[in-house]
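Take a look at the structure set out below.
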Amino acid sequence: MSFDSFSDFLAMGGHGLYVWLSYAIALFVIVINLVSPVLRKKQLVSELVRRLRREKNAS
Amino acid sequence: MSEMLTNEPVQSSEQTMRGLFLAVLKRDLLLSYRRRSDLVNPLIFFLMVATLFPLGVSPEPDFLAQLAPGVVWVAALLSTLLSMDSVFRSDFEDGTLEQTLLSPQPLFVVVLGKVIAHWMLTGLPLALLAPVLGIMLFLPDGGMGGLMISLLLGTPTLSLVGAIGAALTVGLRKGGVLISLLVLPLYIPVLIFGTSAVQAAVTGLPLGGYLALLGAMLALGIVMAPLAIGAALRISVSG
Amino acid sequence: MPRWFYQLASPRWSYEIMGKLLPWFAIVTAALLVSGIVWALAFAPSDYQQGNSFRIIYIHVPSAILAQSCYMLMAIAGAIGLIWKMKVADMVAKSSAPIGATMALLALVTGAIWGKPTWGSWWVWDARLTSMLILLFLYLGVIALNSAIESEATAAQATAVLALVGLVNIPIIKYSVEWWNTLHQPATFTLTERPAMPAEMWVPLLVMVIGFYCFFAVSLMLRTRNEILHRERRARWVRELIEKQ
Amino acid sequence: MSEPLLNVKQLFCERDDRILFEDLNFVVTQGEVVQIEGQNGSGKTTLLRILGGLSRNFEGDIYWKGEPIDDVADDFRRSLLYFGHQPGVKAILTPEENLNWYAAMHPAIVHEQIFDALEQVGLKGYEDVPCHMLSAGQNRRVSLARLYLSHAPLWILDEPFTAIDKRGVAAKEALIARHAERGGSVILTTHHELKMGDRVRRINLDELAGTS
Amino acid sequence: MSEMLTNEPVQSSEQTMRGLFLAVLKRDLLLSYRRRSDLVNPLIFFLMVATLFPLGVSPEPDFLAQLAPGVVWVAALLSTLLSMDSVFRSDFEDGTLEQTLLSPQPLFVVVLGKVIAHWMLTGLPLALLAPVLGIMLFLPDGGMGGLMISLLLGTPTLSLVGAIGAALTVGLRKGGVLISLLVLPLYIPVLIFGTSAVQAAVTGLPLGGYLALLGAMLALGIVMAPLAIGAALRISVSG
Amino acid sequence: MSEPLLNVKQLFCERDDRILFEDLNFVVTQGEVVQIEGQNGSGKTTLLRILGGLSRNFEGDIYWKGEPIDDVADDFRRSLLYFGHQPGVKAILTPEENLNWYAAMHPAIVHEQIFDALEQVGLKGYEDVPCHMLSAGQNRRVSLARLYLSHAPLWILDEPFTAIDKRGVAAKEALIARHAERGGSVILTTHHELKMGDRVRRINLDELAGTS
């Protein structure tokens, strides 16, 4: 552990804003990149289900 | 004949005018939304022109800071100019412009709606994006406000004036570059007052005078340009 | 061509194999990223010159590296799709573009944030920075072209051509930019020299780099599977799959 | 004889040093269908564009309900439906959006009828498909749907049947006949053989110019 | 069937290839000659961009002299870019492109002919006009030669690379601005070497190295680009 | 039966989630005229573009003289005359220049025949007029002049009679019949009633897709 206290950890030697901002943005980007395909898949499947049902009804 | 005349003179009150204006605005925004890439492209062009300068001229911050107001304004001007040609062209080519001219609605309103839609899709985002360019070109922080305000006031004028050129050249097989020729000279006053405003802001001088001039040009443009555009369209189509 | 190559060409087989691989990669990604981030933020020593702002390197460098390799992958997959008419390769190419673009953006943004305390300005026209910016533009071009063309097959082919042209150009761009910068501007800030880092510093960096690669694999597989489902929506196996759910 | 809607006097037009028509006189009254005939290049489109007010390259006088047409341009535009060589359909909009726009331009049209009209021209199910994904004929049909929406007394139609299949042509002919019965007037050109019998009055530009 | 087969495999010897190439070149030059305004317009655009800078940035000779190589090159680049969209578009719209793709002639040659015609109508006159711009921007006399040679070597590459972008976007309803996005990043090396050559010439340094690099890029472009353009055209039309 | 020129097997095409045709099989032999029929939007143009090699959005196999069409693309292109919805006429060139260009693209064509061909399609006297100053029908005629120039055995014609007047249509029908007699093959679509009797074989896309 290279920090003495938690507040030191947050302050990052005066560069807290920069470091935390970077990590927050990175996390955001990573999460977006994982969540958006998952959501897209949900949407795709429900579209396909709806279409199958429609075609079954039609025939 | 009684059935026919549902097409009676509708009172063109202020309300129907507003409805028409909104319909035009909505349609043009929708059109751009459909070809989504058109929405972001002027912006990206704007960004890229700003990148070309450090690459082509010099990457030194001090030198770039001096250049910045001019380059941002020239980039805004060029990217408005480039998007101008398409304002009426596609309508002309597929015959919708013909239909617009044949309609009983006041052309003034239709044209104004189209131009404002164009501005909302080019000038407005350019003005909002300008600070990013400012940073890339090391514009001093004090100049940012002036840059944005001058762009907000100046770009609608660019759209209005550019649309006159677009209307005049729409009937020609290739208007693309001719339009720049017609329109650039008219853009020069806007460019001069715009950059002067930014430079004033950077050096801390009052910039109210320049902004007032930009505002006056805008007011003049809003009143006069739609008439000129309408007339130009009728001429172009009848050729 | 080996057999697996042809199997890969089958969307169904790819879909299933990716489904099997995904959980493992997800676990590894989570483990690497979590341990890497904690290590990076809390345990790695601070730099004697830059202090704690140095910790940004642990996301800046992985994202920069990933942005570059992702372009390679995209161009190669595009070429395979173009030459052997392999649909799955097209889909991989299409799926990697947005990931690469966000990574390039992340590298730029973290670099900019890092630049403020270190250099005192958000941006300088340095070779590395400039070529990363151009890479981002290349990605944006690929994405814009792909979304502008309606027919999926056509879009895939067109973007493959563009990505390949870009691939030929990347070395030229990189070389020219690097060389341009040294001419105009004496090297005020060199990014090229790797700081002689102690192991406590670079081991977590390695963990993060591998973690980012795994994250890339996960995201890519998720996206590619979606793409397969969408493009094969008429195929019988997709119908059966949907009916099972 | 009923009131003359359009009165054309001594119309003269030359294009590219060739006289297309001169001393052309005719009257269009209510309930009439007038077909402009002539071989390719005889000047049909040119004439229709002049009548619609789109082209000014002519000499002579045109009267709308007895008044010179320039004096009553607004009233004339309100009473006109013009269908040109170009269908006036935006490729990236859907049929519905295209007609919405047309309705905004012609306030007398009721929005509710748009779906009806699209069904009439056989585009049911295509309301939401961008027009560039429709076939040539379907695109023209979008534009023809305006005929079902319009209450304008005068229709000017330049080759309305281009690219339309046989069933479609029959439906449109019936529609034109109905419009005439209700007291409207139609001026049209087409290279199809119209199956409307006596109702149609023909004006042949070839004979006029002596080109054939 | 005997009568039919006059359409036999014509030996596509070098001579017929040259004939084809010349036919393409001649036709495209003729097309531009017909719409005469297209001939002068890129030039005028080029001139006007160069005028905007003294107006927008600063009229001081020393400052402008520093700017000059970059501005001239950026102007050349932009005006090539702007004229790029039309290279294949009108052929696409009226169906002649379809006919070209359906013809048995080698696409490589046709495409190369078109690109070279384009260059003869934009790049070449730009290079010849550049000294005028140099004078307007107070470029030291020593730089004129470097400016012209670098433009002569660089602009054909711009045309070749730009044509790839044009071919990729020709099937889209609105390629206009998308093409800049695709092509501008690829233009950057040319811009860098071009301006460097001019700057070297101004300061009296040897510029052979830069010119060699520009030449190498041109050679690469002539060999590779027509293939990419041909492939892109087939893809765009089939969509 | 003579040698099959074009052999189409199990062609499948869907557009926008709608199947246009599936399991489409047919053979075109020498001397045959095949008319693709179907209502607007049934997929005629799509089919012709696939046959001509312009579109690749399909599944199935097409053979040219027994070989897969991709393997003999060059020979196929030499043997094909394709006439699409767009006439392929440059508006700022004159008819003569347009045909010169076509001849450069198809080296088997002799330049001397161009004036002849223009006369045949009734454009004598218009050789030097830029095409944008011609009427719609005259523009199509410029493109149709290629039929008089071509020696290609296979013609693919998408609505060749659009905007052509009656006399022109009759001449073109005669030309098509002559081409078939000489051993050529023609695949065409048109909404006109062809007056060619038994010679024409019909393929109806509506029945195939069951849309009508």
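All chains are identified by letter, namely A, B, C, D, E and F, in their written order; residue positions are counted from 1 within each chain.
Just so it is clear, a contact is a pair of C-beta atoms (placed from the backbone, for glycine too) under 8 Å apart; a residue touches a chain by one contact, two chains touch by 3 or more.
By chain, UniProt protein names: A = Heme exporter protein D; B, E = Heme exporter protein B; C = Heme exporter protein C; D, F = Cytochrome c biogenesis heme-transporting ATPase CcmA.
These numbers were taken from a predicted model, which means no experiment stands behind them.
**Student:** Can you list the clusters of touching chains once chain B (Heme exporter protein B) is excluded?
**Tutor:** Drop chain B (Heme exporter protein B) and the rest stays one piece.
**Student:** Trace the shortest sequence of touching chains from chain A (Heme exporter protein D) to chain E (Heme exporter protein B) and report its length in steps.
**Tutor:** Minimum step count, chain A (Heme exporter protein D) to chain E (Heme exporter protein B): 2.
**Student:** Among the remaining chains, which ones contact both chain B (Heme exporter protein B) and chain F?
**Tutor:** C, D, E
**Student:** Relative to chain F, which chain has the most distant C-alpha mean position?
**Tutor:** A
**Student:** Can you tell me the C-alpha superposition angle of chain D onto chain F, nearest 5°?
**Tutor:** Fitting chain D to chain F on C-alpha atoms yields 180 degrees.
**Student:** With respect to inter-chain C-beta contacts, which pair, B-C or E-F, contains the greater number?
**Tutor:** E-F
**Student:** Any idea if chain B (Heme exporter protein B) and chain E (Heme exporter protein B) meet via the same residues, over half in common, or different ones?
**Tutor:** Interface between chain B (Heme exporter protein B) and chain E (Heme exporter protein B) is built from largely the same residues.
**Student:** Roughly how far is chain D from chain E (Heme exporter protein B), centre to centre by C-alpha average, rounded to an integer in Å?
**Tutor:** 45
**Student:** Once you find the CA centre of chain A (Heme exporter protein D) and the CA centre of chain F, what distance in Å lies between them?
**Tutor:** Going by mean C-alpha positions, chain A (Heme exporter protein D) sits 54 Å from chain F.
**Student:** Roughly how many whole angstrom separate the Cα centroids of chain C (Heme exporter protein C) and chain E (Heme exporter protein B)?
**Tutor:** The answer is 32 Å.
**Student:** Could you pull out the residues of chain D that touch at least 2 other chains?
**Tutor:** 85, 91-92, 133
**Student:** For chain B (Heme exporter protein B), give me the residues that contact two or more of the other chains.
**Tutor:** Each of 35, 37, 41, 44, 48, 55, 58, 90, 173 in chain B (Heme exporter protein B) touches at least two other chains.
**Student:** Out of chain A (Heme exporter protein D), which residues touch more than one other chain, so two or more?
**Tutor:** none
**Student:** What does chain E (Heme exporter protein B) use to touch chain F in their complex?
**Tutor:** 1, 3-10, 16, 19-20, 23-24, 27, 30-31, 34-35, 90-91, 93-96, 98-105, 110, 237-238
**Student:** Give the list of chain C (Heme exporter protein C) residues in touch with chain A (Heme exporter protein D) in this complex.
**Tutor:** Counting only chain C (Heme exporter protein C), the residues touching chain A (Heme exporter protein D) are 33, 37, 41-46, 51-53, 55-56, 59-60, 63, 98-99, 102-103, 105-106, 109-110, 113-114, 116-117, 215, 218-219, 222-223, 225-226, 229-230, 233, 238-239, 242-243, 245.
**Student:** Across the complex, what residues on chain D touch chain B (Heme exporter protein B)?
**Tutor:** 30, 52-57, 74-75, 77-80, 82, 84-93, 97, 100-102, 104-108, 130, 150-153, 182-184
**Student:** For the complex, which residues does chain B (Heme exporter protein B) have touching chain C (Heme exporter protein C)?
**Tutor:** 35-37, 40-41, 44, 48, 51, 54-55, 58-61, 64, 135-136, 138
**Student:** Under the definition above, what is the set of chain A (Heme exporter protein D) residues touching chain C (Heme exporter protein C) in their complex?
**Tutor:** Touching chain C (Heme exporter protein C): residues 1-3, 9, 12-16, 18-19, 21-23, 25-26, 29-30, 32-34, 37-38, 40-41, 44-45, 48-49, 51-52 of chain A (Heme exporter protein D).
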